[in-house]
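Letters A, B, C and D name the chains as they come in the text, with residue numbers starting at 1 for each one.
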Amino acid sequence: MNKIKLGFFVVLGFMFVITVSQNTYAQEAKTLKIGAVFALTGPAAAGIKDCMDGVQAAADWINKKGGITVKGQQYLIEVVPEDNKSAPDGIVAAANKLVYKDEVKFIVGPVVPGLSMAMTPITEKAKVLRCKVNGTGNKAEMKPGMLYTFSTFMEIQYVRSVYDYFVKSYPNAKKIAITGPDEPGGQAMVAVAKKEAEAHGLKVVFSELYPFGTQDFYPMLTKAMAQKPDVFDLGVGIAPWYAGIIKQARELGFTGPMFAPSATGNIYLIPMLAGKDFSYDIFFLDADLKSPKMPSIVKEARQQVSNKFGVDLTFGHGAGWESLWCLVQAIEAAQSLDTIKVAKVWEKMKSIETLYGEGTMSGLKDFGINHVVLKPRPLSRLEKGEIEFIKFISP
Amino acid sequence: MLLQTKNIKVHFATAEVIKGINVEVATKGVVSIIGSNGAGKSTFLKAITGSVSLHSGEIWFLRKNINALPVHEIIKLGIALVPEGRRPFPYMSVLANLKLGAYLQKDKRIINRALADIFDRFPILWKRRKQQAGTLSGGEQQMLVIGRALMSMPKIILMDEPSLGLAPIVIEELVSIIKDINRDEIGVLLVEQNANMVTQVSERGYVMEMGKIVLKGDIKKLMAHDVVQRAFLGT
Amino acid sequence: MSLSDKKKSKGLRYGGAILFLFSIPLIVRGQYTLHILIMAAMNIILASSLRLVASSGQLSMAHGGMMTIGAYTSALLVMKLGISSWAALPLAGLAAAALALLVGFPFVRIKGIYFAMVTVFLAEMITLTAEHWRSLTGGSSGVVNIPPPDPLVIPGLISIDFPTKTEFYYFILVLMLVTLLFLYAIERSRIGLTLISIQQTELLSESVGVNTSRFKVLAFCIGCFFAGIVGSFYSQYINVITPRSFEFFFAIYIIVYMIVGGIKKFSGPIYGAFILTIFPEFIRALKEFQPFIFAGLLMLAIFFLPDGLVDLRRQWDKFYEKRFNRA
Amino acid sequence: MITQSILNGLVLGGIYILVALGLTLILSIMGIVQLAHGEVYMLGAYAMYYLCVHAGLNFLLAILISAFLVGGLGVLLEKYFFRPFRGKMERALIISIGLILLLQNAVLVIAGGTPRAFASPFSGMISVLGVTLSLERLIVISVAFGLVLVLFFLIKMTKVGQAMVAISQDREVAALQGINIDRISSIAMFLGCAFAAVSGALVGALFSVSPFMGGFALMKGIAVIILGGMGSILGAVLGGLLLGLIDGVVPVYSTTHMAGLIGFGFIILILLFKPQGMLGREFE
């Protein structure tokens, strides 16, 4: 019996070994595989699946326009989607698969800073060029020495401009309460926001990080309200958190302005989740993507996404879209598929196209490495439950 | 014949616990099964009530084969079990315990009449009716579970070592209770280790060893037999 | 076949298996495959050590929390105090075992579902502490840039570095074999027999005079020791650790490996952890549909293999016999 | 501030009690930890979303229908998934983990990951003595205590309730009284799941609805019944209120992490002295 058990074990082992080692697809000359890692299952999947769809839509759009041309050779993009299962061990397995089994040289994703951190050692070691989507600006996310990690944007770079806008629009506000989720990104944002608030003459009367996934903000808000703030900075987050804070703060009697120097993931959700009556005097670095004021490229992206997935373009789609698009522009600028060369060219690019206009490379000042795309971002207000686009702002 | 088992066998995993038992119980006369610890007595009773499933054999009750019936259907036919170690519902009142005994009875009047009857029979339970069953003394608990069994107005009561852990005086009382019950046309199948008690209540009996019936017949004769002498009376 | 022959062939088979395990990196060049095998070996240690705790009748859900303890202990020792990673490894295990010892005696008084839940709360408290104590642990950002193991130097002979997964594979393989050997020895010793008797008849063994709580705590401590060790290994291998690296579901999966593999046999958790770690890799292509298949597998195993995957062959034989001997 | 935070604590307690009621019912009658109970609660919230937003039904009618639908699902779950594993904690655990994966991801695939919301008709604020509370939250507390009363009545006054109590104390002997264990388990599962659906519906209206909302509910629900004592409704009420107060008050004076630490620490401490929870019963 033991013999058979052992045999079973060995056969299973071999089966596994053969299946996973023997799958180097014969690479077609004109295909460039680009890995995409996002949460498709698990708690993070809720807001982030859109990013994966955005990457796919962008790949179709780029391929339709002729793909990437490097030294006269045309390449069509093949996206290799991987699920990070919303967990550190999930993303490590996914990264190892992309890097060592699929042998991709370029990866886009993920969104959640904690997951991104778990992946960085693998891609850096293998010299795989990775363009992460979003990012807040925690020191662990982006720092000197991370030669192959780029980001489509870092929220902390926009905090100053948002405060500029705020102080100009609300000259009477004096006391501010700052909150954010307790995760690497939230921490970084709150730290920067505190500094900027003081630099703009505001008094920080309250600041706290709420645990990831909080639904009931009453305890935190009760404490904040006792300090009688004039305004709330909601930090970084996703729509349900923002909406929860907005609704509950309004319930507790807060009528002043609230804003976040960050996107919501899906701004249409805010009035839906918080209630139209409560959605007033609020602004975000987010956009009504259906607005006619959006650049033509947004309209194209909207068309592409709705053709492929039958849904309306969300900010998540856009973020995914931009990550692939920026990466592709860098490859074309470098005219090489060698990640070292691409990285070197990318960090010196003066101009890079994004959904909301022309951007440039930055980051040397904030992170010590020029690996972040700096670009205009839309600023929108919620008034009477309606979203209205204000303007594009650049840091 | 009230209850009859025909060559029943029970297996636990791969072990044969009950190895083909034939037992007959009539309404008249208490029938006893005596056997030492681990002889399979409790398992045998559980097989009758359907709590453990048969490997083979047949159980007939009132000329009906009850092999495949679930527990609650078997109880409905008129079999009641007084389980080993008494086991009242410890965190319920005495009254609630008794009412649960009549769970299958829908008519409130009948339930009340039965209750009155039980309190008649066991005045101590009336005194304790509001007390949690777990706080009763061992003897009182034994009365309670017998009362609970009677509440279902059974045609036969199976008793699993009712004398276990009780004082001699209480056992005396138990003997007269069991005789009373049998006098009221309710069959009694008693499983015991206490040979003294068995001789007092029953005329007919079986001796069980290692899942098998080794002797049967008149209780006095059984008691005189070597096997029983050796196993129970310590001679 | 005589007894000694049997023993000899058994030894030969195990020797062969071990030789095979050691030669895998020579056959397999894929780093991804090695990564999955490393994870499988890790999970085997976790599930097997959890089985030791379970064999005293206590289902612990604190294994994830204990890994967190181990991972943080070793990472902070190495990074803040500059201790060699090879000293930090056992210290991480000891830290977890010490915590287990501290809470063990009061905990083992709590039985059944209550014990399982208390261990859940303990694990949750460990996570919350790591998030709360920012000055030491870095809070929710966790600890990053944890260095890989120091070079293993035998003066004048060799110096082993840890640049690729191959070295980590040998590291965890040796760790796994040593752990399994140790756990097997325990199972065969008086402690193991006592534990099993505790599980079977809790009251009886107490009356026989065995101090059951002492043995239960011992089992709990040993189990947690290995969880701490694996936590330390994980932090050196992945280089990043956060308070939520081993969340509730991580601990749950260790239990899944153990039970689905089969809790009754020593080999059960080994099969369970191995199969259930590599299986999800085969169904990656299904993306968001993966969980359906995985959940289906778990349920089928529980429905049809009450004694675990380890019992597959016996159950199949039984089914085969029933099906074809009747006809 | 202190009165406001105590009031918040009571609301949280109400939410915890709502989740715990069904869980404790299932745990005591089936003898299993139904880890997927949080997912049942999530399904209740989604049923509400579809009935309210897509079918345009009246809120109260929708709650009733979703309670029935989810309760019915509970009966199916009991029959096909849990019946073979009654009282077998370990194997039932795996089944419930499988169910978590199945239900969560089924909703994720079918309804998408976007959080949803539906409005309850109870809008408006109540303000007394400087303490404010939304009507929505007041409804949550009242429904929680209403359901507690319903369950109390059911258990004390009805035959089915008494049968449930009997089963929770001694399943084997309960069967010997002629109680059909399968049927009572079905009823218990129906009730437990219907309660979960109602709580999912109310809490969903308060916050938002997402495929992963069950995890939080489960953790708190389990904490409550372990603290209060398994199978004790009064214990669930007491445990829910205590944990609610801890979670409502402590963060105001310290941090949310501290509230978690104190809450769990408190449970562990209670268990050390009363290994069966506050109102749990010491079995032999």
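Basically, a contact is a pair of C-beta atoms (placed from the backbone, for glycine too) under 8 Å apart; a residue touches a chain by one contact, two chains touch by 3 or more.
All of these numbers come straight from a predicted model, not from anything done at the bench.
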From chain C, count the fewest steps through touching chains until chain D is reached. 1
Return the chains common to the contact lists of chain A and chain B. D
Need the most distant chain from chain C, centre defined as the mean of C-alpha atoms. B
With respect to inter-chain C-beta contacts, which pair, A-C or B-D, contains the greater number? A-C
Centroid spacing, where centroids are CA-atom means, of chain B and chain C in whole angstrom: 49
If you average the CA atoms of chain A and of chain D, how many Å lie between those two points? 35
Could you work out how far the Cα centre of chain B sits from that of chain D, in whole Å? 41
If you look at chain C, which of its residues touch at least two other chains? 131, 288, 291
Listed in rising order, chain D residues that touch 2 or more other chains are 105, 108, 215, 255, 257, 260
So chain B residues touching two or more other chains come to none
Return all touching chain pairs. A-C, A-D, B-D, C-D
Contacts from chain C onto chain D in the complex sit at residues 59, 106, 109-114, 116-118, 120-122, 124-125, 128-129, 131-132, 248, 252, 255-256, 259-260, 263, 288-289, 291-292, 294-296, 298-299, 301-303, 306
So, in the complex, the side of chain D touching chain A is made of residues 1, 4-5, 8, 11-12, 15, 105, 108, 112-115, 117, 119, 123, 125, 132, 134, 203, 207-208, 210-213, 215-216, 247-253, 255-257, 259-260
Which of the residues in chain B end up touching chain D in this complex? 49, 51, 70-72, 75-76, 80-81, 83, 87, 89-92, 96, 99-101, 103-104, 148, 152
Complex contact set, residues of chain A against chain D: 41-43, 45-49, 182, 208, 210-211, 213-216, 218-220, 222-223, 226, 239-240, 243-244, 251-253, 266, 269, 272-273, 275, 277
Give the list of chain D residues in touch with chain B in this complex. 159, 162-163, 165-166, 169-170, 172-182, 281
